[in-house]
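Across the two complexes that follow, chain A remains constant while its partner is chain B and subsequently chain C.
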Partner chain A sequence: MAFAEPKEAFPGQVVPVTIGSEIQETFGGENTLPFHKFEGSVPNRPLIAYEIQDVPPEDWPETVRKVYEGVSDDPVKWARYCEDELKARSIALRLVGTHPDSKNLSADDAATVVKGVLDAVKVPIIIMGSNHVEKDAEVLPRVAEVAKGRNCIIGKAQEKNYKTIAAAAMANDHKLIAMSELDINLSKQLNILLTQMGFSREKIITDPMCSALGYGLEYTYSVMERIRLAALAQNDEVMQPPMLGDVGMYVWKIKETQAPEDVLPEWGSLEERGILWEAMTATSLMLAGAELLIMRHPRAVEYTERFIDELM
Partner chain B sequence: MLIIGEKLSIIAKRVREAMMSRDKGPIQEIARKQYEAGAGMIDANIGPAEDGGEELMEWMVTTIQEAVPLPVCLDTTNYAAIEAGLKVHNNDHGIAMINSTSNDPERFPMLELAAKYNCLIIGLTVGKGGLPADEEERAAIAAEIMARAMEYGVPLENLYLDPLVLQIATTQDQAIKVIRAVEMFQQLNDPPMKTVVGLSNISNGCPKHIRPILNKYYFLMLERVGLTAAIADPVEMKEAMEEKELFEKVLQGQEIDDKEKMRVMKKTIDVIMGNTLYAHSYLEM
Partner chain C sequence: MALTGVEIFKLLPKTNCKKCGFPTCLAFAMKLAQRQASLDACPDVSEEAKKILGEASAPPIRPITFGTGDKAVKMGEETVLFRHEKKFVNPNAFVLEIKDTEDDATVDSKLNDVLTSEINRVGQLLRIDGICITNESGDAGKLQSLAERIAQKAPEVAVMVNTENPDAADAALKPFSGKNPILYGITEANAEKMVEIAKANKAIAGIKAQGLEAAAALTEKVKGLGLEDIVIDSGARTASEILEHNTYIRRAALKKNFKPLGYPVINFVQRDEPMYEALVAGLGVCKYASIVVMSSAEKWKNLALFTLRQNIYTDPQVPMQVEQKIYKIGEPTPDSPLLITTNFSLTYFIVSGEVENSKVPAYLAVMDCEGLSVLTAWAAGKFTGSKIANFIKESGIENEIKHRELIIPGYVAILSGAIEEKLEGWKVTVGPREANALPAFLRQKVA
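Up next, the complex of A and B:
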C-alpha cells in the first residue's frame, strides 16, 4: 500500500486583511498553522512594518538610533527613508509624543504629522497612539479622519477605550488593532465587543500583547498559539483576525540590547546582539501565528524576511 | 447529592458583619433559607480566624444549629477553631464535616481531629507546591491523602475528595479536568470514594448574570458523573435539579422545546468542555 502522508485539515481560516490604497499589502488568509504549506493554503507573506515616530527616538538604544540619524528628527523624512532606502513594505507611525508624560502633543499636532507622512509615502501606514487610554481616545479619532481614504490600520483599541477608537476607524474606513493584555479570554471578549458595536471582524487585527525574548515571550507565544488553534480547529470566528507582533518597542528597551560590551564582554557584540534579539523575537512570534510585525532595525528585518523566504 | 450551603462565608459583607457583632439574626436567616432550599449541611466559613477563632466557630455552630436541624461544615484553616466547633456540634442533626485537609503537611492535623471526633473531612487534592495540572495529578494526590487518612485512623467513607474547581474565566481547560478527576476519584476504592467540590469557584470572575448559569450546568455535569456533594448555593442547585432532564437531553444532542434554554445550555456545555474559547460574552455569540 502506498504511503499516505498524514495531513491535518482545519475547518477555520484566518481572515485576510488588505491595507493601503495606492500600494496595497495583504496578510493573513491561511487555513493552516503558520507556514504549514504542506497541509493547507498560506496565500500571503507575513508583513513587516518599519516603526517610526512623531518625535525623535531619544529613548532608542544607540544600535538602532544611529540607523536613522539625520532622518529621525522629522517623521516625514524618516518615512521617506524607510520607503525609498529601506524598501519598507509598510510603515508604522507611533505617536509617542502625544503621551502626557512625553511632549503631550495635541490631537491637532498629531494630525499634522500624520498628514505629512501620508503625503510623503505610498506604502500602507499603521497609525498608533501612545498607549495612553484617554489620550489615544482623543488623538486617534482625529488622525483617523485625516487618514480617510488611505485604508490604514489604527490602534490600539483596548477594553477601556475601544468604543471611540473603533467608531473612528469604522467611520473613516480603516482597520483596527484590538489589544488586550496577555489574556486569551479577554482578547476574545474585546473582539466580541467590537463586533457587537458593528465593527466588522474582517477589519480587526488582534494584538495579544507582545513581549521580548527572555521577558515573557513564552506567554505571548502561548496565547498566540491558542488563539490560532481556536481560529482554525474550533472555527471560532471572532478569533480569526490576523495577529500583530509589536516587536521593536519591546526588544529595544531590554538590557540585552543595551548593555555595553565593556561591562558584559561575555555577551559579545552589542550591535549583533540587539539585531539578533529583535530577529529572534520576531521569527518566534511568526511561528506562533503573527502575520503583522512592527520592527525597528533594518538588519533584523532583513533576517526576518530571509527566514520568511525559506519557509514560504 | 448532598448540598452544603455556601452562603455563610466571611467573604460576604453581611455575614462578616454579623459574625463580628455576634448578631444571630442574619446568620440564622441565611441558614434557614438554605435549609428550606434543600441544603443537607451548612458551611461555616470563618476565614483563617487567627484571633478568637475558637470562640467564633463555637458561636457559629451553635447559632446555625439553633435555627436548622443540620450538621455544620467547619471551614477554616485554624485547627483550634475546628476542634472548638466540633466540641459543641450537635450530632443529633448529623455528623459534622471538616473543611479541609490536603496533601500539605500543615493540614495533616485536621485528620487527627476527624479521627478523634469521628466526623467527615474534605481532602483537597493539592500539595504544598502549586495547583494540580490535570486529573492524573489530582488522583495521585488523592491516593496520598487516602493513605494518610488511614494512617490517622479516618475511615475512607468519612473522606470526601475535592478536586479543586478553578475559575473558567482564567483556566478554562481545568473545568473538564475536574470532571474527569471526579470520575477517577471514585475508582480509587471499592466502595467508591466520595467526592465534593467548591462549585461556585467555576464562575468566579465572570459577569454576575452568567454566574448562576455556569454554576448550574457545571453542577449537572458533575452530578452525572457521580459527584457526592457540592458546597454551593442551594437555591441555584434546586433550580439545576429541576432542569436536569432537559439538560441531559441537550447533552445527548436532542432537541428541547425551549430553544433559548437549549442555546444557553449548548453554549455553556461547549465552554465547559473546552469546545469553544470562554469570553464573558460567550452567550451572546
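Up next, the complex of A and C:
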C-alpha cells in the first residue's frame, strides 16, 4: 500500500487582527489548524502580551511578584519595564483596582492610569476591566475614549454588558474581547449579538474563558478546538475571530503555583513548577487554537516563544 | 474501512436460523456494523467471511501492551482526532532515557527519579512509566551491563532497548525477555536480524524510520517477518515535524484505514533544558504520541506533564465528579467555618483551592449533584433547600462542629430561607458569588 499524505484543506479562515498604532502586531489569519503549516497557510505567530495592572499585584504569588519588584507599584514604570527590559511585543493592562471589592477606583482614575501607560510605551496595548459586569460597563467606555487612535483591544464584553462596551470600542476604533463561559453556543451567540449591533466581526477576539492546567484546562481546550473547527471546516463566519487565552490570571492563583516545596516535596521546585505551569497552559491552548495569550512570568513567556519558534 | 451492515450481510450465511440470537442475518449484520455484537455468535459463518470481517473490524490503531504487571501500559486503540468527539483511550507512556555512557551515579539517580515518580492526583496514581536504555557508546558490553543493572534495580519498570546493533540488542534484551519490552532501532538495514531477536524475547518491534513513507514500508516488512506488535518512530524530532507526522499517522490510520501506519507512535523529545523539554513533551501528549521519551524527570516537570495527560485523556462526555463528603481543608477545629458546594470537579478544585489560599482551616461540604456546577445544579433542582438539609443532617457534621452556621455560594443566596426552614437551629450565611472572593471573606469571618 503506497502512502499518501492525508492533507486536509478547509473552506474557512481565521480573521487576521492587527493592533497598535506606531508599532503594530498581527495575529490570526490562518486557514488551517494551529501550526498546520504543512497543509495550509499560517501567516502570523501567536502574540503574547505581558500582563500588568493598575494596583500593585499583592495577590500574585512570590515567584512572579518578585520579578516586578520596584516597578509594579506604578503601572507606568511597570509598562516601561515590560517594553524596554522584557522586550514585550504587547502589554495587557488589567484595571483590577476598579473592582468594588478592591480599591473601587473610578472611571476617571482608570482613565488617568491608561493615559499614563499609553504615553509611556509604543507597543500595542490591551485594556481590560476588573471583570465586574456593571463596573466594567462604566470604566471601559471612559478608557476607550482616552485610548482613541491607539488601536487597542478593549475587554471583556460579556453577555450582560456587551452593548455599552462594544459601542465604546466601535466609537473609538478599538478591537474587542468577547467573553463567554466555556460553551461554544454561548460564544457564538455573543458574537452574533455583537455583529447584529453593527460591530464588525473582524474586530472581535473570542475569549471562551481560560482555565489552568489541572483546573479545567480540558474544557477550554475542547471548546477552543470546536470553535476552530467550526471556523475552518464549517466556514462559520461568526466563529472566525482569533481566540484569547488569558493564561496568567488563571495559573497564578492555583495551588500548584503557590504550595512551597517544603510542604509538598513530591511536587518539586516551586519556582520551576509555577513557571512551567504557566508555559504549559499557554502552549496547550495554542495547540487548541489560541492566538493571543496574556501571561505574567518572563521565563514562561520566553519558553513559550521558543516553542512557537520551533512550530513556525 | 469499517463495513456497512449491508456489506456484512452479504458475507453471512443468509439462512436466518436465529442461532446468533437475532431474528435474521440482516438484523445481526446491523448489530455487527454498530459493533454491538460479536461475529462469534454465528456458528455457521464461513472462514473467508471471518477473515474479511476480522480485518475490517480490527481496531485501526493496533492495541499493544508495553511492560507487564500492574504498571503495564496499554497503547493504541484510539478512535478519534479530537478529544471532544470521544474519549482518548490509552494515555501515553512517559519514558526516561538512560544512556550507557552515563556513570553509575547518574544512572542510579535517574533510576531513583523513576522509582519515586509516583504521584496521586485526583485519585489516579501517575508515574514515569518506563526507561529507554540507549546504546550511546556503540559498545554491546556497556549496553548489556546497563540493562542488567536496571533489570536488577527496577524490575517492575517497562523497558525499551535502543540500539541498531543486533549483537547489543540480543544481550541487552535478555534480562527483560517476556516482560513486553520494546526493541527500538529496527531499520531497513537490520530488520531481519532484529525481528528475530525481538521475537525470541517476546519484544515489541520499535521501528526507526526517516519519514512516513519509509515508516510504512518498514512496518510492512516487520509484519512480513512475523511480528505485528510494532511502535513507530517516523524520525520526527522538531516540534513541527512531530505535529505533522503524528497528525498524518493518526489521520491515515483512522480516516484512510491505512494499516501500515496503524500502530502507536513514539516521540523523542529530548532537549537541553528540562523546562523546554516539558513543553515539547506536552505537544506529544496533546497530539497523539503513545510514548514520549525524555532526558530528565524532575518532580515539578512530572507533575505538570502527568496533569496535562490526565486533562487530555479525561472523558469529555462524563462530567468530572468528586465524591460526596465533607472535606477537611487545613486542620479544622469544631469552631471552623463550614461551606457547601456541588461535586462538579472543577467547582470543587476551584473552591477548595481558594479556601486553601485563605489559610483559614475549614470544612467543605461537597454534595452530589451529578457533577453539575452550582448554578446548573440549582436550575436542575438538584441543589435545593431540602436536599442540602438532608445532606447536612446525614453527613454527621453536627457531631464534629460546635456552631450551626452554613456558608452557601452567593449565586444561590435565594436558597437561604428554604435551608433554614428545613435545617432546624441552623443559620445560613451567603458567601461570595465567585470563589476568588473566598479568601477575603473567610479571613474576615474568623478575624
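To be clear about the criterion, the second predicted complex is superposed on the first by the 308 of 312 C-alpha atoms of A that agree within 3 Å, B and C clash if a C-alpha of one lies under 4 Å from a C-alpha of the other, contacts with A are read in each partner's own complex, and residues count from 1 in each chain.
As a convention for this text, a residue touches a chain if its C-beta (ideal position, glycine included) is under 8 Å from a C-beta of that chain, and two chains touch if they have at least 3 such contacts.
Predicted model only: the values in this text are computed from it and were never measured.
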Would you mind checking whether chain B and chain C clash or fit side by side on chain A after the superposition? fit
With both complexes overlaid on chain A, does A:D262 touch chain B (first), chain C (second), both or neither? neither
Between chain B and chain C, more extensive residue contact with chain A: C
Here the angle between the directions from the C-alpha centre of chain A to those of chain B and chain C, rounded in steps of 10 degrees, is 60
Thinking of the overlay built on chain A, is A:Y219 touched by chain B (first), by chain C (second), by both, or by neither? second
Regarding the shared-chain residue A:A279, is it in contact with chain B (first), chain C (second), both, or neither? second
A:Q196 in the overlay: touching chain B, chain C, both, or neither? Say first, second, both or neither. first
For chain B relative to chain C post-fit, closest CA-CA distance rounded to the angstrom comes to 6
Do chain B and chain C land on any of the same chain A residues, and which? 226
Footprint of chain C on chain A - complex, ascending: 1-3, 5-6, 8, 35-38, 101, 211, 213-219, 221-222, 225-226, 229, 253-256, 258, 265-270, 272-273, 275-277, 279-280, 283-284, 287-288, 299, 303-304, 306-307, 310-312
Give the list of chain A residues in touch with chain B in this complex. 183-186, 188-189, 192-193, 196, 226, 230, 234, 236, 238-239
What residues on chain B touch chain A, complex-wise? 169-170, 172, 275-281, 284-285
Please name which positions on chain C make contact with chain A in the complex. 82-84, 119, 121, 212-213, 216, 220, 238-240, 243-244, 247-248, 251-252, 255-256, 258-261, 274-276, 278-280, 282-283, 286-287, 298-305, 307-308, 310-312, 314, 316, 346, 349-350, 353-354, 356-357, 436-437, 440
